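Down below are the structures I want you to see.
Look at the two complexes coming up: chain A is in both, with chain B in one and chain C in the other.
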Partner chain A sequence: MKKEKSNIKKMRIEPYMFLIPSFLVFGVFLFFPFFKTIYLSLYKTNKMGQAKLFVGLDNYTTLFKSASFYNSLLVTLIFVAIVVIGSMALGLVTAMLCNKTFPGIRFFSTAFALPMAIASSSAAMIFKIMLHPSVGIINKLLGTSINWVHDPKYALVCVALLTAWLNSGINFLYFSAGLSNIDETIYERASVDGANGVQQFFRLTLPGLAPIMFYTLVVNIIQAFQSFGQVKILTEGGPGESTNLIVYSIYRDAFFNYRFGSAAAQSVILFIIIMVLTLVMFRIERKGVKY
Partner chain B sequence: MSELVLKNICKEYENGFKAVDNFSLEIKDKEFLIFVGPSGCGKSTTLRMIAGLEEITTGELWIDNQFANYLDSQERELSMVFQSYALYPNMTVYDNIAFSLQVRKLGKQEIDKRVQEVARLLGLEKLLQQRPKDLSGGQRQRVAIGNAIIREPKVLLMDEPLSNLDAKLRGQMRVELAELHKRLGNTIIYVTHDQTEAMTLGTRIVVMKDGIIQQIDAPKNLYENPINLFVAGFIGFPMMNMIKARIMIHEEMAYSQRGRSAYAENEMFYVFEKNRIQVTGYVKEVLLEKDYRGQDVIIGIRPEHISDRPTMNATQRITGEVIGRELLGSEIILYFSILDMQLSARVEATSTAQVGDKMDFFLETDHFCVFDEKTEENLMYH
Partner chain C sequence: MKKRSIALLLSMTLMVSALTGCGASTSATTETPATETPAASETETAATDTTVTDTASTEKVDMSGTTITFWHAMGGVNGEALDYLINKFNTDNKFGITVDAQYQGDYDETINKLKSAQLGNMGADLVQIYDIGTRFMIDSGWIVPMQELIDADGYDVSQIEPNIAAYYTVSNELYSMPFNSSTPIMYYNKDMFDKAGVTEIPASLPEIAAVADDLTSKGGAGEAISLGIYGWFFEQFGCKQGLSYVDNGNGREDVATAVEFDSNGAALNTLTEWKNLADAGVAPNVGRGGDSGLADFSAGKSAMTLGSTASLKQILEEVNGKFEVGTAYFPSVSEGDKGGVSIGGGSLWALNNEDDVKKAATWEFVKFLVSAESQAYWNAQTGYFPVTTAAHDESVFKENIAKYPQFETAINQLHDSAPEYAGALLSVFPEARQIVETEIENMINGQTTPEEAVAKMAGDINASIEDYNLLNS
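Let's look at the complex of A and B:
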């Protein structure tokens, strides 16, 4: 009797023991920084980033009174919109191009998936050279002399398009997988039924991609919000504050202005924005997409 | 009016494989035409060339006196039922049926009227809001047919539409398809590898082998008058009995019997091992005329031309051992062995023959097919 009882007890504990290693890793690298950030956002800090003075929600109220913060939000919003739409469109078009085999398909698939493997900062370096006002190849090709990254009109679009291209690689993979799940013969039937290419795209391809489209969208939005390296190298938030995305603003507050408290508060706000967006999307998905 | 003409059509795939060779055919209005042949003989390829899904390598396709080789599928105004049905998984049954009208931008009311009509015809009224994945095989097949007929197409193409159904449903759908054709009165080209389907549905049948047309004929003619050994063996169940034999007439016979003249002069026989079957009438005339004396042939005998008792027509006798017995309701198929061959006979259900019995079978020699052993052509083809 007693033995049986201890057996049951053992069975209850064992599964959790297996979870300990992963929880340790999560704890050290995820939960600790996460809670530490929330903690920091309630303090004023010294230059070493140590919490010195408890100020409650002061960091937050200051932020919500600052025009610069609202600018960051707006810039981030525009940036995310361009990046997500651009990278998904690019991924979808390239995936559709490579959906049918043709000679040289391997080369093109590799080329389209390649941005995935490029570090954002090195891509930014190369773009910086290409976008150079006097020697850059872009100006030479277009016959213009625009100072792309130092003109407030163009800087944000440039960074956003670069990011869209960088993110399109993984979208190419997602959409290729999605397309290969669509039965080829339904296109044959649609052609015989009299549907042209556009009708086939909107009535067969897009609905067929709906399941994967949703996850791609979520991943893309989160990824876009977190873009940093290309901003740092290409524009450093400038000119003025025209490319001062929240993530870059956090970096600047923390490591230039040594206002770790404010930076932490912005991080928390960014986290909340992403979380709410994701939850909303999941809610919509559960209602809307049927497959 | 819908007339299709195929002139010397060939299909060679990129890998150099010649799937269809010199295919010529005229398809008349309101015909129920069948392409039949073993798997891989090029039936689907031919159908897909007609539908515009596969390029025609050489030859000409004419649809209603219009040269159609280079028309897109969309422009050919045909409709097709695919073997896998190819239903649109993300659309309801309603949209699946209405699709071809929707892409033509017909009015909503007109579409609705016709969808309801087709749904009633096919018994799909209650399923219109379902999605394909919730349907059974038979229902999916009906949806595919519904989609194909709603447009009242010139020509309806069907690629093995029944092959994914179980035997019972297949039989049932066969009857319904025949009725549907009568009611709609459109031209149907129907692909199948199942000769029963071909024989029951078709008004005309094209038998194919290795990309080449063997024979085009009405079901009855195909059965009674096959052009060669392949068609004879492919059409009909149980399969036609094939016996390798040598044609001999009296003199040679006498010679082989070393002078013992047991037969009247000029009598002709099929000889295999110790069996002799006398050849008479029309068959004998043809064999004499074509001078097949002393040559090897293959005789083909339909199971219904072998009887377990002598009759007016079945007079020639062979002896075999019964090795199988299949009751098919009103009749029995007896399988029997003679030498190292297995033959089958279709006899009346009153037959008392049992497995293991050694018994005499009687042959209706007038109905024999005789094939040249090398060319495999039916010498009796007329």
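Let's look at the complex of A and C:
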């Protein structure tokens, strides 16, 4: 009896062998940098980014005392809210529009999915020209002379809307897939029962989309937190610090000021924020979403 | 339930990548250094010991077949002009040296790449670094001071423009060879000035404010001056007042320990005038960076702009004869100021790779780049100063100045300045400039007063200097 048990244990080593390659990749590219970041966050680094002076949690306490860091957090939260709501709404509306067949649908669905294929930096370059105060097309069309990306009132909204549009492409794809999974016949039955379009949308479409909606929400939030290229090109965190998103501030500290300790500490805080948010969402999901 | 756990797994992976996006690169730069630091200091001492013997034999070293790597930060028109010079050197030099030129992106990227590359000791032999990287490079321990190569070869340094050389000279040693130097000047729209009946070109910020009304009401300007929020301009306004940016003789006698622009009033004078211009609508916010004011000027919207001399050619091309472009000295902060302008741009740094042949080859290439002929060509193509005075006698230079008389202003302005206004040296200058720009932006947008802005700048920069000196001494 005992012998048999140990045999079974031996047998079970094999499957783990198959996992080794993937764990090696994860180890080198995810876990090692992950722990290295935590390690760096406890140090101050010299001009070449080498850990030089152990400071314990000093980097963290400095951050929590810095007005600029709280500003970064606030700006990031506003940004994420605009981006997530905007990109999901845009994705949902476009997916609904393309759910029915009509001539030219291929053109429209390509157009709506296209932002997915555009690099954020190139989109930002184009927007930079479009938003230029004296030669940009947006001011020409609106007949205004607003300095879009250099006015603290508009800069964050501009960057956020651009990001929302960029992220809407993939959401369009998810929602389209989700919509085609909903059984057409329930709509027929509902209309026989006298349900109008609005009722159908809230009672049938949205609940039908709930699982995919949840996944999209989680991914969108994480993605929005990590937006970088747009800020780098469009505003460089300015004017003042009104678009200094936390990821951009990490970049600045690490690769411009060569202060890796503080940058690593900010990364760790960002990681914790996103983790807590995701766990909370999964908690809510357990109650709200039915598969 | 299964779907849920897959979704959880997926999003966890995404989250971890949030952290590693930064971590991956940090580890790349921090992995190798352990071996580098002692090596760097060794080579430094080795260099001082051996230079007397090895570089003295520059003439005798056989350099044929040597390839040296040159990192530069010149893109666009400037990059093409530089490529022309490099090709010319590669085909014409009698030593058999080949220069492998590599464009590394803008100045910031070049110095940042150098920091990473030097950790692995696989960088370039010669690198172009911007003015504000000077202190960093001197302290880095990676370089061979240009003065060593100059002394070994018996090169006559007086050929170099004294006011340019002054910037790169620390304790009587020329650390790097100036190559592309510029100063800021004021560009103005002559047609608008004529129409407005303004005959006296403003020489200070209050004078600009005084003529602003005429320029907008009679001259047809949308705004009097498009003044980009640029740290370099802030520094120049300090030089024009003849006041220091940092302590220890503007960072030239010893490593700077704190800023001085707050206690000597330089920053407050500048910001008060700047804010007045902004509040009166004379200088609306056109954004951040040195080029941000140029578009409005070229489009005929603003009557004046501040910019580098190196932008002259670009401006003339963009204006394309729509109006006549005039140039004037960079304005002072108030009328009685007696200072001068400092230079900006880049210089060439020889890196210590413990290879005497390459060092000799690098010096030959540097000599070629600053020769009168090369500099005259370089000046005509780009608008940077000829750093060698002898270039003024070249026919290329004379033709160019006849074609663009506006450039004369820049040369006169440089000659009217003096070495004591050479500007500050500061290890954390790139960061300091960012801080200055952020605070000016906040002030112009009405979030802070000039006094608060100065205090914030000084506090932030001092904290950064203190950290740097602590960690890198």
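For this structure, a couple of remarks:
Criterion: the second predicted complex is superposed on the first by the 280 of 291 C-alpha atoms of A that agree within 3 Å, B and C clash if a C-alpha of one lies under 4 Å from a C-alpha of the other, contacts with A are read in each partner's own complex, and residues count from 1 in each chain.
Throughout what follows, a contact is a pair of C-beta atoms (placed from the backbone, for glycine too) under 8 Å apart; a residue touches a chain by one contact, two chains touch by 3 or more.
Bear in mind the structure is a predicted one, so any value in this text is a computation, not a measurement.
When both complexes are superposed on chain A, chain B and chain C fit side by side without a clash. Shared-chain residue A:186: touches chain B; no touch with chain C. Contacts of A:118 after superposition: neither chain B nor chain C is touched.
Ranking chain B and chain C by residues of chain A touched puts C first. Seen from the Cα centre of chain A, chain B and chain C lie 150° apart once the structures are superposed, a value rounded to the nearest 10.
Applying the stated contact rule after C-alpha superposition, one finds that A:77 touches neither chain B nor chain C. In the superposition on chain A, contact of A:29 is made with chain C only, not with chain B.
Residue contacts after overlaying the shared chain place A:161 against neither chain B nor chain C. By the document's definition of touching, of the two partners only chain B reaches A:203; chain C does not. Of all Cα pairs spanning chain B and chain C in the superposition, the closest are 17 Å apart.
Counting contacts by the rule stated earlier, residues 291 of chain A appear in both its interface with chain B and its interface with chain C. On the chain A side of its complex with chain C, the touching residues are 29-30, 32-34, 36-37, 40, 44-53, 132-135, 147, 149-152, 211, 214-215, 218-219, 222-223, 225-226, 236-241, 247, 250-252, 254-260, 263-264, 267-268, 270-271, 274-275, 278, 282, 285, 291.
Residue ranges of chain C in contact with chain A, taken from their complex: 3-4, 7-8, 10-27, 29-30, 33-34, 37, 108, 112, 115, 118-119, 136, 140, 222, 284-288, 295-296, 299, 301, 427-428, 430-431, 434, 437-438, 441-442, 445, 447, 464, 467-468, 470-472.
Residue ranges on chain B touching chain A, taken from their complex, read 51-53, 72-74, 76-80, 82, 84, 86-91, 99-100, 103-104, 131, 147, 151, 157. Residue ranges of chain A in contact with chain B, taken from their complex: 183, 185-186, 188-196, 199, 203-204, 207-208, 210, 290-291.
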